[in-house]
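Both complexes shown next keep chain A, but they swap its partner, so chain B is in the first and chain C is in the second.
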Partner chain A sequence: MEVSQSKRSKSILLVLFIILILSMLAALSVGRYQVPVKKILLVLESRIFGTPLKVEERIATVILNVRLPRIIAGFLVGAGLAISGAAFQAIFKNPLVSSQILGVASGAGFGAAIAILLSESLVLVQISSFFFGLLSVFMTYMLSRVRKKAPILMLVLSGIVVSSLFSALTSMTKYIADPLNKMPAITFWLLGSLNHIAKKDLYVLGPIMLAAMATIFILRWRINLLTMGDEEARSMGVRSERLKGIIIICATLITAASVCLCGIIGWIGLVIPHLGRLLVGPDNRNLIPVSVLVGGSFLIIVDCIARTASSSEIPIGVLTAIIGAPLFAILLRRNRREL
Partner chain B sequence: MKKAICLFLLFLMPLGLVFGTGSRESAVSPASETPSTRVVKDMLGNEIVLPAKGATYAVFGGPVSQIPAMLGVSDSVVAVTKGAQMMELMRLVDPSIVNKPAPRSTSGNVNVEELLLADPDCVISFDTDGNIVKNQTSIPVIFLEGGDMSVTIDEMKEEVRFFGKVFDAEERAEVFVQFLEKTVAMLEKRLSGLPADKQKRIFIGEGPSHLATLGGDTFITHWLKAAGLKNAVLDIQTTTEHQEGLHSGFLEISMEQVIKSNPDIIIIDTGKSEEIYNSPRWQGIKAVQNKQVYNIPTGIFLWTRPSAESVVLYPVWLAVKAYPELFSDFSMVDFMKDFYKTVFNYEISDENAERVIQSKMGRVVFSQIDRKP
Partner chain C sequence: MKNSVRIKVDSAGFRYPSERKLVFENLSFSVEEGEVLFLLGPNGTGKSTLLKTIMGFLIPERGRITLDGEETAKIPPPLMAKKIAYVPQSQVSPFPFRVKDIVLMGRSAHLDPFAMPGRRDEKAAWEAMEQTGIVHLAERRCDSVSGGEWQLVLIARALSQAADILLLDEPTSHLDLGNQMKVLDVIGDLAERGITIVIATHFPDHALLHASTVAIIREAHMLGYGSPEETIKPEILKAAYGIEVHIADLSETLGRKICIPLSPKGERIRGPKEDSREKILIKGGDYDS
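Up next is the complex of A and B:
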């Protein structure tokens, strides 16, 4: 039984991996600028083997500087939000949380808003957003500390407090911002889009996200122990407070980095782990890799829709909510006995 | 009793009118022979009754806020639009705007109590704000048409003429219309030798991403046509939908579409052109290769809005940037000085005219601070 279960998980993982690769290839070849597949291959060939470019420079720009960073960012953000969602659902023993529960998104949003208000530099916006994202979770954590421990309930309540505070501060920033220029920019930024990703964003934030994801990935079997409760985990030799701390740090880094890259994208951290559970069950050893693959493919595919469906960009946060909410509703109906 | 009060008030009304505008008229007799009211027809055909003399107005809408100053009737405007009030040049052209209450911030945001406090006889507004006022107050609304960013040059003339009628300053409105017609003719003459296939293509890229643009169905297409230019995204419609966080008429398009349209010139409103020159995403576009990325000038109001100022100056500035060889004997600064003097009766300094073109004319962001209580 155990053997067949793990075999089944393996084949599911393989299929999902193939889907991810296919969605990446598809994303590389669709867009408003139509590039024939042959030319895409020529661009990649010249890039990989260092041979001279046989196509126009503009086509190379589209493929290498516009689509490729977008696809990589889509994968990182989708996979990152899904993996942190899965980890949070395990440590909070609550299927309804995502990594935004501790206020990271509101904090990062406020950081971005204040930077847009005070400067015009996109780099500064990202730094400020990252910093405030981390700050808000730090505040939540400190607020919830009771006798060197951070009980789950206190964490959630503190998260609500900090998150509301930062949302209010964001609204305040919008209120005092220049209504012609800055205020619309803040609103638009908060909506989320992968349209602004540049290669250099990925050089900095990519490694951070990958490292945090790898850490959660390595710890995935310990996360299983956490779901059984602190007492049991301790009896198995896992220092649950420390483990919880590490996971919160990793998930926060991922979420703050993803808000930096593309604004606030909802629903992925909530829906994807549930989809994963439907496929491989609640065991985090399988669930975490599945979340990575499904989350990554999901965001890449949704982003393809966002940039090709209409002549203007559809904000991706809107699309993930439109697709995510009904999906979650279906999952809820199917799983209602287990919940 | 009621009747007596009414009669008393009726008697007071002309008195108040006379003393209210005491500086303009010599108060001889309260029993004036002219009728005490006049009727104004708004752009939707509604009839609004206003006092014949000394009516007060609230003007809602950024681009139209400059028209009272142009017509020399700012004194009768008692409530203004925050966005216009914050513009540095607007404050220089019409210093009185600084201390006026600004109940309208952005489209759809009207502070009704502040409006009631200002107590104008009527509000001049496009539909969104106008309906708010109409539903929540008894102040009559003079509705404007064409707030959807798709206006043509002729409709701009009509808008100013309409204000001329409302404010009873039709000659001043004609001064503007003539200046505009003269300008369009001047551009036509200078650009007459330009073959259609040599026309340059321009991309308006606003916002921090430089990707929020005005499509083929917006006013900019007409402005560009007057300047002998083409909108690089002529085939994209941007007034049909509305993206949250962007001004109506603007939509954010994808980077790929900009590369596909390959514009000769790019106009941005945020950041610096070097950002674009150095970004790998923008490489391969003609405007970047030829270093033709410019910041949008900002004058009395933002030039990427359909205003009386932008319909005259923006096409000229663009034409000079695009075809310098056809304007070798032309001074943009002198042209601007002539425009502001003739149309706004305001003498702009050389330095400030330069600052408008260089996009250095500022906005006063925390305008509430220096508002007197």
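Up next is the complex of A and C:
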């Protein structure tokens, strides 16, 4: 019984990994300029092993400079939002939260918007976005606390309050912004798109996201204990407050970094962990890796649709909502017991 | 040979920050190696709070609570967890973990913060499940087990922690008769194995069954402290719960005493056989007060 259980999780992980690789190859191949998989492999081979290029320079440029950064960003953002969703759900003991529900996304969005208004520096945008993200999760938590506890419904409602406050502040920022230049920049970027991923942004934000994801990944078994409540976790030897602080900072950092990379992309943090629990159960030892793989593949595939479905690109945040909302509705109906 | 003192509560008092009244004050007692202490007292009398201050979750406002001579609130959680395991009042997790994964959680005290439980830990968890008789539940989702089974899961989790002191917060409340006895049997086994136990409960009968020491608390004060014979007495229990009780000695048939609460309205009790007269033993408790 025990063996079959862990074997099943392992084979699910393997299948999901293969799906991720396939979706990456597909994403490298499709687009306005179709590239056959064989040529992709030749480009990657010459890049990795330093051998001379056997295909046209033009194809290599499309693959390496346009599509690859976009796919890496898609993977990081999808996997990151899913992992932060799973982590937030565990530490708030609430399967209905995510960085979007808790207001982190709109807080980070506002922080980024106001920084864009005032300066051009990516570092400043990132810091401001992180700060407001952290501020919003703190506000949501304080608002929802009733007698030292944060009931599921209160947490969700407080998230809505904080979220709309920061959305309003973001609108205010747009209203003040220069309508010819800064305002469209803020608007389009907040809609969510992987269209403008710059390699240099990825070099700065990529390592931050990877580090935060790795931290959550390493601590994933301890996160299980936090779902039992602070005191119980402490009685089992966990420094609950410290661990919770680390997890919140990491999850907020991931959300803020992905907002900086590509604007607000919703629903992933909520839907993917639910899907993951359906596949491997609630144990974060399996759920966190599954969330990474499913979240990453999901966003890469959705981005493929976003850039190929119509002649002009559909904002990806709009698409994830169009796919995510009904998907979550189905999960809700099927799993009423889990909530 | 006198056993060594493990937990010492020295004129301790506690108050929640927002409240005026002390939950308990000037409490003093100690728990020795191998002792089984039952904390009795009416609802809201601070039994749970007392256990939480012993665990170091809460800091006493007055006095000191020490474990092996060290103030409990200052003991780092990983060290504390190796000495004391805590069985909280049952609350089912919002996530449907498997029973064996819940029990495995108890191993965290013996693992580095970044480590995952390995074979040795799984074996320890398995042994803990054997001791509480829940091996057959190992693969079940924790939201599908009954209240009594869940209580045994929590006790198994505490056992997998391999601490030699066990604190239990009302482990038999909300359980039916059969499950109460199952849980009490497990507690009795643990006591026999020499584990030091502190247990908060609503049932004087349970103390008569397994306690080596009983502390009866009401409104922040200690009403009685000593062996079950010294403390489970009608006058002390009346002071604690506001009703009369009858302690029936069934030593000859059952081998123990039992404690029967009587109706505050007054109850007729038939005397011994030779005395055929019916007499009213009890009349008018604290019904109106």
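Basically, the second predicted complex is superposed on the first by the 273 of 339 C-alpha atoms of A that agree within 3 Å, B and C clash if a C-alpha of one lies under 4 Å from a C-alpha of the other, contacts with A are read in each partner's own complex, and residues count from 1 in each chain.
Everything that follows uses one rule, which is that a contact is a pair of C-beta atoms (placed from the backbone, for glycine too) under 8 Å apart; a residue touches a chain by one contact, two chains touch by 3 or more.
In this text, all values refer to a predicted model and were calculated from it rather than measured experimentally.
Asks: Quick one: chain B and chain C on chain A, clash or fit?
Replies: Pair status: fit.
Asks: For the overlaid structures, how many degrees, to the nearest 10, lie between chain B and chain C at the C-alpha centre of chain A?
Replies: The C-alpha centres give an angle of about 140 degrees at chain A.
Asks: Using the touch definition from the top, say if A:238 reaches chain B (first), chain C (second), both or neither.
Replies: second
Asks: Go through the superposed model and pick first if A:93 touches only chain B, second if only chain C, both, or neither.
Replies: The answer is second: A:93 touches chain C but not chain B.
Asks: Contacts for A:31 in the overlay, against chain B (first) and chain C (second): which applies, first, second, both or neither?
Replies: A:31: touches chain B, not chain C.
Asks: Given the superposition on chain A, which partner contacts more residues in chain A: chain B or chain C?
Replies: Residues of chain A touched, chain B against chain C: more for B.
Asks: Between chain B (first) and chain C (second), which does A:45 come into contact with in this model arrangement: first, second, both, or neither?
Replies: After superposing on A, A:45 lies clear of both chain B and chain C.
Asks: In the overlay, answer first, second, both or neither for which of chain B and chain C A:307 touches.
Replies: first
Asks: Please provide the least distance in Å between a C-alpha atom of chain B and a C-alpha atom of chain C in the combined superposition.
Replies: For chain B and chain C in the superposition, the minimum C-alpha gap reads 39 Å.
Asks: Do chain B and chain C touch any of the same residues on chain A, and if so, which?
Replies: none
Asks: Residues of chain B touching chain A in their complex?
Replies: Contacts found on chain B: 62, 82-83, 86, 105-106, 109, 207-209, 211-212, 215, 235-238, 241, 243-247, 251-257, 259-260, 262, 269-271, 279-285, 302, 363, 365-366.
Asks: For the complex, give me every residue of chain A touching chain B.
Replies: For this pair, the touching residues of chain A are 31-33, 56-58, 60-62, 64-67, 116, 120-122, 125, 176-191, 193, 195-196, 198-199, 307, 310-313, 315.
Asks: Can you list the residues on chain C that touch chain A in the complex?
Replies: It is residues 52, 55, 57, 76-78, 80-82, 84-86, 88, 91, 93-98, 100-101, 105-106, 108-110, 113-114, 116-117, 122, 138-139, 143, 157, 161 of chain C that touch chain A.
Asks: Write out the stretch or stretches of chain A touching chain C in their complex.
Replies: Per the stated touch rule, the residues are 1-2, 5, 90, 93-95, 152, 218-219, 221-222, 224-225, 227-229, 231-232, 234-240, 243, 277, 281-283, 285, 337-338.
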